[in-house]
Amino acid sequence: MWINMGPQHPMTHGLWNLRVRIEGEIIEEVDPEMGYLHRGIEKISEDRHYNEVITLMDRTCYVAGLAWEHLYIIAAEQALHLEPPERAQYIRTLSDELQRIASHLMWYAAFVQDIGLMTPFLYAMRDRDLVLDLFQSYTGARMTYEYNRVGGVRNDLPTGFTDRTRKVMDWIYARFVDYDHLCLDSDIFHRRCDGIGVLSARDCVDWGVTGPMLRSAGVRRDLRKDRPYAAYDRVEFDVAVADGADVTARYLVRMEEMRQAVRIVRQTLDWLDKNPGPVLADRLPRWLGAPYAPVGREGYLLKRNFPTGRGFSSVEEPHGEAQAYVVNTGGEHPYRVKFRSPVFANIAAAQKYLPGYRVADIPPIMGSVDICVGEVDR
Amino acid sequence: MQPDVLRERLGPILGPRLLAVEPFAGTAGRVRFAREGALELFRAVRDTLGYRHLAMVGAIDWVDHREVFYVAWSDEERDYLFLSTDLPASDAHVESATPVWPAANWHEREAFEMVDVRFDHHPDLRHLLTPDEYAFHPLLRSFKLHEPEELEVKTRNV
Amino acid sequence: MTGATLYSVSAALSALLLGAVASILPAPVSGWLTSADVVTGLAVLIFSAILLVASMINTIMLIWFERKMLGRFMDRRGAMHVGYAGLLQNFADGLKLFRKNTFRPQEADSLGFYAGPTAYMVTSMILFGVLPISTGWSSGALPLSLLLALAIFSFAPLFIFVSAWSSNNKYSLIGGMRSAAQMIAYEVPILLAVVAVVIVSGSFDLNVIVNEQQNYWFWFPLLLALIVFVAGMLAEMERIPFDLPEAEAELVEGWNTEYGGMLFAFFMLADYVRALIGSILVVLLFLGGWTMPSWVPAAATSFPLAGIFWFMIKTYAVFGLFVWIRASLPRVRTDQLLRVGWNRMIPLALLSIVLAAVLVTVRCLPFLGCVPPVGG
Amino acid sequence: MAASAPKENPTNPLSGVVRPLATAARQFTKSLIRPSTIVYPYERLEDPKFRGKVAVASGRPIGVGDVWDNYRGVHALNIATCISCNLCAFSCPDICIEMVSVAGDDPKHPKKCPQIDYGKCSYCGFCSDACPEGCLTMTTRYELAVTKRAEMVYSPERLHEVFQRKLPMNPIRLERPANEDAILLDAPLCIGCNACARDCPTKCITMLDVPKPTARPGEKLPRRIWKEPVVNDSDCVRCGTCISVCPKECLFWGTHK
């Protein structure tokens, strides 16, 4: 029997359709159908000014907007031959890690609901709200930040921000114990999550699976360590790895990543306290600097030649490794922008890690993948 | 792995089908190859060079021709490798990478529907994001976006 | 059996009403109206009306209680806007559902689709007539009221399955099958746990069972039976952690996926009716019913509604326990649930029967006192 | 530390049930008096009483304090200082800003001010970043629910009303880049028509006389007014109006040698 789980289904966390062929309660075959949230972000980007693409990045992945901004910005800066100031690099690192906490809390909230727990959902959302408050205090928005700019970030951190962030980090760090009490110490949690959704390390690599799913299979791979970008080579942290490759292992990896993120945030805050400086490169061309140039004016670019370039960036986004490829042919719009979402590959591998388990296992398994349909469909 | 090393190791396998190896920031290099050698190159890159993880496949419409690019990652090198090939716009097809990297499956489906590049011997070449009967290829340059004014929604209340 | 009972009140009310009406009517009609049969008939009607209204209000208050309490567990407030602290929120919700169009999927079987929720609701409501609430506040001393209650209680899987099947929806069907399997699996341990109580009290009459608990409540000597009974009740009521039939993460809304409007409200309300009845059964069988703790001063025990007061306190406390469990435990899987039901619960229940037999043989427990002689 | 070994499964099912129950009960007692919820229509996070403290525990309101200073909400427009430079409209990625006339002192030449369609706006703040005079800023107002689509369009007057409410405004002003381009003139193409100077919102363009060359015999002088625009760079806001109105495309962006 084929059943359609989605596009309107509590398990999907977004708009997509998981077609499942079941025999009794056992899954025989799956066929994910994507595209319900396809907004053509790559196409729209071709018609937009380099800075204006940033507004799309927040909407590409609506739970990890700053990480996606960062991804695009690295590629765009490489394509435009620009170098951001060091303070901006640290602020981006800080933003990435705060975003990782917020995103993982969002994942935790959605995941525990998939296994029928409502209480930690609200705990996680409450604590995520504090991180969003921090975002709001320096980017000006809670979800669509529009904070990075080609060549740096929009504005410096407000006064008192670092102290507030430290307090919030202390609070959240203490809360992680409660999360573990409600899940990891629960007998039923282990009955539900141990040994399901297993995807071996070899399958992970073959199917392009990255991020916490890959690290839960025991592969120690983290772009922040392997190819440090921004200020990640100047902060100390450990890569969270677990064995088992099942749902519990993914849970452990993400919880440990949140703890490590708190650690990184504290280090960047210390650095930011000591090193004031500019946050936007001062040698920006007029049409990229702020305030923004009228982009509709043709006369401007006709009379100038800009360097062309290609930018490729890869970022350890909360969901996994994301890549961006920006082709600059000298216009004020990028010629082609291509994004690779980690969740895209993680869902594509569903035919490897779902069959053989039960229908009731689908929510925890797909919940442990941490799906953000916005970045799959783009 | 430096571009010249790449050239040394891939040259004997591909011969004239290896067009160029250029340096490309953020990756080990950009390998440009002729499409006839696609499958051999993929095998060599995966098995000989150790780039076991395929990160993405994409395509660019350069109006006169189309470019298909592959990005692979090696755990040993801790680096990306960028492969690209040019296809004539009139006859844009290339061998599918799915036998080598299963991960290419969805990426190639997306490139197929968006930029109209066909992948030979792909196990399941359907549209991924757009409906099956959708007759356009949105990421071609000839596909123009509407002006916002044209999309103005008329409602009863306004 | 002192003071007014619910039936005596309604009989008096009925006599008063009929007398008033008869006084303004001509002789033959008034004579017929005041005849004993008519008075009794109206008294029964009034009795059931009062019972219905009281149980409905209690059910709705139970929903409010759960919402507020669950809110505190989750560090939020629950319903806040309609009425004081959201007291009237559920009435507003009910009104909204009542105004909604009830639609039927095209391919659904009409008879089963409408009859299922109605029968589910009705069988659940009937139970209130069977359960004694306080001394004299029942519809009569049925010698086998416990068996009757459990029998009616276990009608539910049938109607759930009927409505699920006739919805013609795959999720509904899976949910219905799960529901039937789960309820049947947990009927057995529940009945076995009840047998332990029956052995100790020596009767199937709920009134007698409560009266047997004058000296000490059964929860402590029959702790094992209580645990089995509560776990089984959780499964019967389909509450977390055993709410697989409507596990919203995988089955949307389980067997009531296709229901909307008032039919959905029937299911929702009947679920809470069953929750209330489950709590009442726990109180009656294990927590001494309307008997009061020994530290309550004698003056307070003779207060007219004291029995009902204590009964309600206990019922809501038991339901609070269910809410607490719901707030802290995840949902188990079907196969695990069934395995626990057949492999763990039934042996535990059998063990509790043995313990009950031992208790009856020993008759007296240290610190607690003695069981009255069987049948007394 | 790196590889967080999986915790031992609670072998005892009893403790595996008791720990979660205890955690939930602890939270229950904490939030019995005052849960963390802020009852939104009656209490607001931007209220001063929630400011300036990191009060996150249950029983006290959540708030990180001062989070509203940079908030990007509904725009406030000061019509009096608006110079109609169009920069906001040009910088808008969603094309939701339109320059419309407002009633002013001079009925013949009505002033153009931005009108914002909040049905399209993404609150990115590019417009307020681009505004050279700081007259278009974003406030902390975020409630926009209306019943008709047309009410989502805020006319300049409505934006001015928001300004008059004196809501907290986004204080961020971006520095101009040191090497920004200036307006340059391709002198041989200029016909001295005065269009740029007439339309310049800051009036930083002055038309200076250029000497009329004497025509050599047989040479035909171009028909033009013998004036050339000179841009005062310190006053120029780089809006590009002059470039767009120039009939001969003789003005362009560039850097001074």
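Every chain is named by a letter (A, B, C and D) in the order it is written, and numbering of its residues begins at 1.
Everything below uses one rule, namely that a residue touches a chain if its C-beta (ideal position, glycine included) is under 8 Å from a C-beta of that chain, and two chains touch if they have at least 3 such contacts.
Fair warning: this is a prediction, and the values are worked out from it, not measured in the lab.
K.L.:
Return the chain label for which the distance between chain Cα mean and whole-protein Cα mean is smallest.
P.N.:
A
K.L.:
Which chain has its C-alpha centre farthest away from the C-alpha centre of chain D?
P.N.:
When every chain centre is compared against chain D, the largest gap points to C.
K.L.:
Highest contact-pair count belongs to which two chains?
P.N.:
Comparing chain pairs, contacts are most numerous for A-D.
K.L.:
Centre to centre, by mean C-alpha position, how many angstrom separate chain B and chain C?
P.N.:
64
K.L.:
Using mean C-alpha positions as chain centres, tell me how far chain B is from chain D in Å, no decimals.
P.N.:
38
K.L.:
Quick one: report the Å distance separating chain A from chain B, using the average Cα coordinate of each chain.
P.N.:
Measuring from centre to centre gives 23 Å for this pair.
K.L.:
Centroid of chain C to centroid of chain D, CA atoms only: how many Å?
P.N.:
61
K.L.:
Would you pick out the residues of chain A that each touch at least 2 other chains?
P.N.:
Expected reply: 119, 123, 126, 182, 186, 188.
K.L.:
If you look at chain D, which of its residues touch at least two other chains?
P.N.:
17, 20, 23-24, 27, 36, 94
K.L.:
Any chance you could list the residues of chain C touching two or more other chains?
P.N.:
Answer for chain C, listing residues that touch two or more other chains: 73-76, 327-329.
K.L.:
Tell me, which parts of chain C touch chain D in their complex?
P.N.:
Residues 69, 71-77, 80, 324-325, 327-329 of chain C touch chain D in their complex.
K.L.:
State the interface residues of chain B toward chain A in the complex, per the touch definition above.
P.N.:
Touching chain A: residues 24-27, 52-56, 58, 60-61, 69, 71, 73, 75, 78-80, 82, 101-103, 105-107, 114, 127-131, 138-139, 143, 145 of chain B.
K.L.:
Give every residue of chain D touching chain A within the complex, in rising order.
P.N.:
So the residues of chain D touching chain A come out as 1-7, 9-10, 13, 15-17, 19-20, 22-24, 27, 36, 54, 56, 62-72, 86-87, 90-91, 93-94, 122-126, 129-132, 138, 170, 172, 174-181, 238-240, 243-244, 246, 249, 251-254.
K.L.:
Please output the residues of chain D touching chain C within their complex, sorted ascending.
P.N.:
Spelled out, the residues of chain D in touch with chain C are 17, 20-21, 23-25, 27-28, 30-32, 35-37, 39, 58.
K.L.:
What part of chain C is in contact with chain A in the complex they form?
P.N.:
70, 73-76, 170-171, 174, 240-241, 243-244, 247-250, 252, 326-336
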